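One chain, chain A, links the two complexes that follow: it is found with chain B in the first and with chain C in the second.
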Partner chain A sequence: MKHPLTKTALAAAAFASFAVPSFAQDSIYVPLLTYRTGPFAGSGVHIANGMRDYLEMLNQRDGGIGGVKIVIEECETGYDTKKGVECYESVKGKNPVLIGPYSTGITLQVIPKAAVDKIPVLSMAYGLSASADGTNFPWVFNPPVTYWDGASVFIRHVIQAEKGDLKGKTIGLIHLDAPFGKEPIPVLEALAKEYGFTLKLYPVPAAQMQNQGSQWLAIRRDKVDWIYNQGWGAMNPTAVKEAVKNGFPIDKLVGVWWAGGDDDARAGEAGAKGYKTLNFHNTGADFPVMQDILKHVHEKGLSQAKKEQVGENLYNRGVYNSMLIAEAVRTAQKITGKKAVKGEDVRRGLEALNITEARLKELGMEGFANAVKVACDDHNGHNKVFVSQWDGTKYVKASEWMDPMKSIVRPLIEAEAKDYVSKDAGWPKRTEPCEKG
Partner chain B sequence: MDLASLLLAPAFFAFDLLGLLKSIFVTPFADMAAMPDLLVQTIWEGLVSGVLYALIALGFVLIFKASGVFNFAQGIMVVFAALTLVGFHEKGVPAWLAVFLTLGVMLVLAIAVERVVLRPLVNQPDIILFMATFGLTYVLIGLGEFIFGGEPKQMIAEQLYIPRGPIDVAMLGGRVTFQKIDIAAAVIASVMIIALALFFQYTRIGRALRAVADSHKAALSVGISLNQIWVIVWFAAGIVALITGIMWGARSEVSFGLDIIALKALPVLILGGFTSIPGAIVGGLIIGIGEKLAEFYWGPLVGGGIESWIAYVIALGFLMVRPQGLFGDKIIERI
Partner chain C sequence: MFYRESGQFKKTYAADMAVFPILQDRIGIAIILFVAAVIIPLFGSTFFISSVMIPFLVFSLAAMGLNIVTGYTGLISLGTGAFMGVGAFACYKLTTIFPNVNIIIWILASGFFSAAIGALFGLPSLRIKGFYLAVATLAAQFFLEWCFVRIPWLYNYSASGAIQVPQRTLFDLPITGANATPVTRYLVLLGIVVFLTWIASNILHGRIGRTFMAVRDMDIAAELMGIRLLPAKLMAFALSSFYCGVAGAVMMFLWYGGGEAADAFNIRQSFNILFMVIIGGLGSLIGCYFGAALLSAVPLILKFGFPAMGIAIGSQTAEHINHLFVGSLIIFFLIVEPHGLARLWQIMKQKLRTWPFPY
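For the complex of A and B:
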């Protein structure tokens, strides 16, 4: 008979191997931190469906990426930072090729862990804007645009609408009173100085998301000309409803790309026609990639989305996010010559990411999105953005693709990154060699 | 710091202090006088919020009076009732029939809570019952998400003939906008509160409830069925939850985010007392109006967003004067 301690150790080892299976040998493990429950589920469900369906489509149509099956596993965060960190800890031992935290709060928590655990963080158009500085954040990527880029494109749009003169204008930022909501403040403050407008801030605490009467009354008092909405979850439909209710000109309410859910606009009913949101991909299900999703995933009953939701704005956002994941993995396979790549390989793939128009066409995404390029020192690319407008039933493209004000945004990013690093005495100096796309 | 700066510092300090005092004690009142229409608008917004807070608080008070239990699940009951209503309508049930079916579901829930949660825990310490309502909250969240999914839904306001649209009134040199839905919310909530107050004051069941609230043992000794009273009270709280869900849902959307709003009832209860229906009403109005005025006139001093905690400051301020709340029963115990 074996010693009881040996038996216990064997049992523990067996349990540990059961609890944390490794997916490195013959598959690509992609954990998806999603939220299908809680107060932010209204936005989270559609993104989760889009992300999962694109990866599932690759599995069904192509047998995965480069012939290697993708293992998709969702972890429910409820958009709660604590739960998100628990999710990260539970998946990190399973050799994930990257982590997409899908919350700025969670992103801020996992950024310091990325270099230690050798797991790249892909916070697609969210998270810490300063992490676009690849020199200081070699393991963090946030393409195609930062919140600061978004705020600068919003101001560019206002300048166009106001025929170049913002002096004497009042621009308000209504935002979730959380790290995500506060992100655009530094760049809007810098732009207020540059263009001579008055900036007013209207924070909405999470507990008041569905009770914004005071904020909209203050907007009326301050005679605000334009409003930028950095909201999420239940805050967005309420903001649209309040704008309609208070008679605020709806075409002067512009949401960040996360405030562009179809349900957000629908909440305002007929009065929401004209509501605007920034975007970096198109809506609709006519693109070949969406047709493939319908054919290979939806028709086989493998999707959790309703058919009419395929092509909605936030669903397509999820598809776009997974396209970036898949292209990073593909690039990593190309660079390393390995099929079953690991986190360290995909970090290199992300840094060498160069999705050209030709590649988008191959992906069935011609006209769906714009080209994206990431570089060693620039982990974002500061790519182009456009304005979408709600026509009463769907979002339609309402402007040309616009460049962010990189000359203003980039120095702020570098200064902020330097500041972030200087506050953390043990922050590691970049040792990873640069990848070229 | 050079000498000149050092010498100037107290002057700057005095200047800042004066400025601060002015912005706390003078500017807000000057703004109120300069734009009285906005003051009326703010008070109206606070009044509407207050009535809705009072409705939520009422659900807590009803259950606390009958069983001494602080029902943590009241917030999720609001969400569950509203989702059930919308869910029935999505299945093709006419709106008014959906209301009655939802009431049926809330009755079944009340019976289930009494049988499964309360009855087995009779004579257990209050904290055990409180923890049981925690469990109930998560069961209802899970059940709600399982049945209805996590996506938000639009309240069927139009089908329920809840009026919408603004009424603009020119007054005090400006404009005050009253939303028809807010007027409807205030009227419905007031009728509901009066009806409940009359029911518990003048009916046999109401008197039985008050007897149970005073002493479970005494009530049992005169033949009052504790179980029956609990079902009635939980059902009444379910009705209140449905009305609250309809009104809040129509103002925003029906989602699990509404659960958070229930937390606004806590300062109302601290202020009004856990056992008083008039306390819930007056407390709701004080908190509703107080937080809107504070956010609108004093919020900008600290960058805004004070609404979520200022209600507790107001409630704690009252608590220092009346620890049992404005209308709560004064507890006198012999040592």
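For the complex of A and C:
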């Protein structure tokens, strides 16, 4: 009886007092909040692999960023806010250069903490749209686009396809009945007024993601012309399947970038050919950067991904995310002249982020992504997006790079940011000086 | 040898009816309180306080709420998560409408809103029992969850649908919001939990608690003895929901610090707390603490503790082990010890009394 008790006590003591392991000064600590378990693991695994492999490739090929090794650490969130916050608490003492929550719920939790803990938050095209307002959210960044930009690009695409006339058309939004899913509604409502189409909403409760029969029945009844899908996880393959089953013209179903998993489209089998999704990076493994990942990471057996998954849409999204991280760190190194940068430096780096076409070519990403620019008051950039289309086996680029309707989105963002700040009496005023890009 | 009541004579009725009749128990409680209120804030790391102790206290409070209705009164409830949510939203609305009132008052007051909703959904308990009642409370869970998403008034029409916890102070010290340190949040939470445990202990050891237990053991017999079932059952639901509501409010305000509330109070939360009550011990206050400690600490030890001690374990493996572990624990306890950890604790105390010469 006594022996195991002492052991338990020892283990408990060790756990209670475990010292936060601090890393050597000459390294850059990048925690990756990922989810390889839980209901959303099907999407999360690919993103996690992509993020990890790009940073690992930099370590293997260049010895890190600017000669400083990157310490990569994954923390499992299961897409669960509570676990995500635990992860945040566990990594924040180890001097992370930035945090990428990879879930809107976790992002919302971390936003108020960022300014206090001096850790910048990079929520790449997810999270709180209003945080694009750098004046009120100096520590939060969500490049390259917000959900509101996405919805406006969708409408731009519809205008092109319908030859400029949306009068009398019905556009539906099928969305997850959660904060993330409801994001595009204000923009679509504003655009409906401007272009004279009718907007219909089809919310899908989170518990019923795989049962969309009634929504699609309603879509048929309402004779909807175009549908925008703001879904995530199991909701997307179900939506594609239902669209095929109900005979909805599949090339008029357009998903937000998170509804663009290869597995999402595969669910619709042959009928899914023509399914569209917005995107801000290309698919495929032909880019030099992808070849480098294959050569330096996969061939050395350092990746958890299968080789054929390299180039899939969500894998590439992970790579794109890590590219933003690495470029922010590099910019921070350039500004401060320091090698081992800290969170405060990387905040400046993110603010001055300016990835030009020439820089993309150097990175081996020519044609993979478009230029990204962030500014002091604009922490998003509202960069260009294109429509990609499922050709039966992979996504291919199906439109030009299109600008979001910034004139509509930006006022909404500023109003929303003001509203957010006004609700929090203790919200700190921005004291950080602006960074010139 | 050390844990023995010989020589401790009770000279008054009050001493005879005390909750902790043995001196050693009282010393033990004092030591635990001292450790919780002084040692942990002084020596615990930020991570330990914010990710281990705060969740543990929040879940203890929620488990206490569920235990009142399920463990003491024998009415199964699957709506715990939703009742917690009512508390959280009530507290949020109250503090945004009346920002100058101290947040601790609103945290405690939000329990009353939850109690009202709980009593409403407790009405069917007069007619239905067992599984049927479980389904009725499940309806409460779904309905309230739907309200949390669909009534924008509850989250003040914010586009993200999330609760924003504003900064509130106590004696000019921030206790909620991002600027509140984990230690202050922990101490406020500890105060609330200790106070409410004291109240619960008094209620459950008194007339009302005995009414609950009579209803649990046989409601017809209780009725014949003159206990009015309607007030008794509704009181149990209201009291239980009060505790759940306060637990929900402290969860949002002192632990999470805002966020997507509808997501935090889903059905999985209800089940999680039910498991805590089952494993900790139905019908026992200390069992609530045991259950919450086990189920909130084990995942953390697997995920962060083992890597910190040098045992490499991938975080997704830890997640899978955790699922296996909780599942097997529930089966184990249901078969071997249906009264949970609290019963094991009692057996251990009994053995200690006679140690080293058991008879």
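By definition in this document, the second predicted complex is superposed on the first by the 417 of 437 C-alpha atoms of A that agree within 3 Å, B and C clash if a C-alpha of one lies under 4 Å from a C-alpha of the other, contacts with A are read in each partner's own complex, and residues count from 1 in each chain.
Assume a contact is a pair of C-beta atoms (placed from the backbone, for glycine too) under 8 Å apart; a residue touches a chain by one contact, two chains touch by 3 or more.
Just so it is clear, the model here is predicted, and its values are computed rather than measured.
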- request: Kindly say whether there is room for both chain B and chain C on chain A in the superposition, answering fit or clash.
  value: clash
First (chain B), second (chain C), both or neither touched by A:234: first
- prompt: What is the contact status of A:37 with respect to chain B (first) and chain C (second): first, second, both, or neither?
  reply: both
- request: Answer with first, second, both or neither: which of chain B and chain C does A:74 touch in the superposed model?
  value: second
Field: In the superposition, chain B vs chain C on chain A residues touched
entry: C
Query: Which partner does A:85 reach: the first (chain B), the second (chain C), both, or neither?
result: second
Query: When the two structures are overlaid on chain A, which partner does A:177 contact: first (chain B), second (chain C), both, or neither?
result: both
Message: With both complexes superposed on chain A, which partner does A:284 reach: first (chain B), second (chain C), both or neither?
response: neither
Overlap of the chain B and chain C footprints on chain A, listed as residue numbers: 36-38, 177, 205-207
Query: Which chain A residues qualify as touching chain C in the complex?
result: 11, 14-21, 36-38, 74-76, 78, 81-83, 85-86, 89-90, 93, 104-105, 108-109, 112-113, 115-116, 128-130, 177-179, 182-183, 186, 205-207, 416, 419-420, 423-426
Chain A residues within the chain B interface of the complex: 35-42, 44-45, 177, 201-211, 213-215, 217-218, 220-221, 233-234, 237-238, 241, 245-247, 263, 266-267
Message: Using the touch definition from the top, list the residues of chain C that touch chain A in their complex.
response: 43-48, 50-52, 55, 96, 99, 146, 149, 156, 158-162, 164-167, 174, 177-179, 256-260, 262-264, 267, 299-301, 303-305, 308-309, 315-316, 318-320
Message: So in the complex, the part of chain B that touches chain A is made up of which residues?
response: 35, 38, 41-42, 45, 48-49, 141, 145, 149-152, 154, 166, 177, 179, 248, 251-253, 255-261, 263-264, 291-292, 295-296, 299-300, 303-305, 307-308
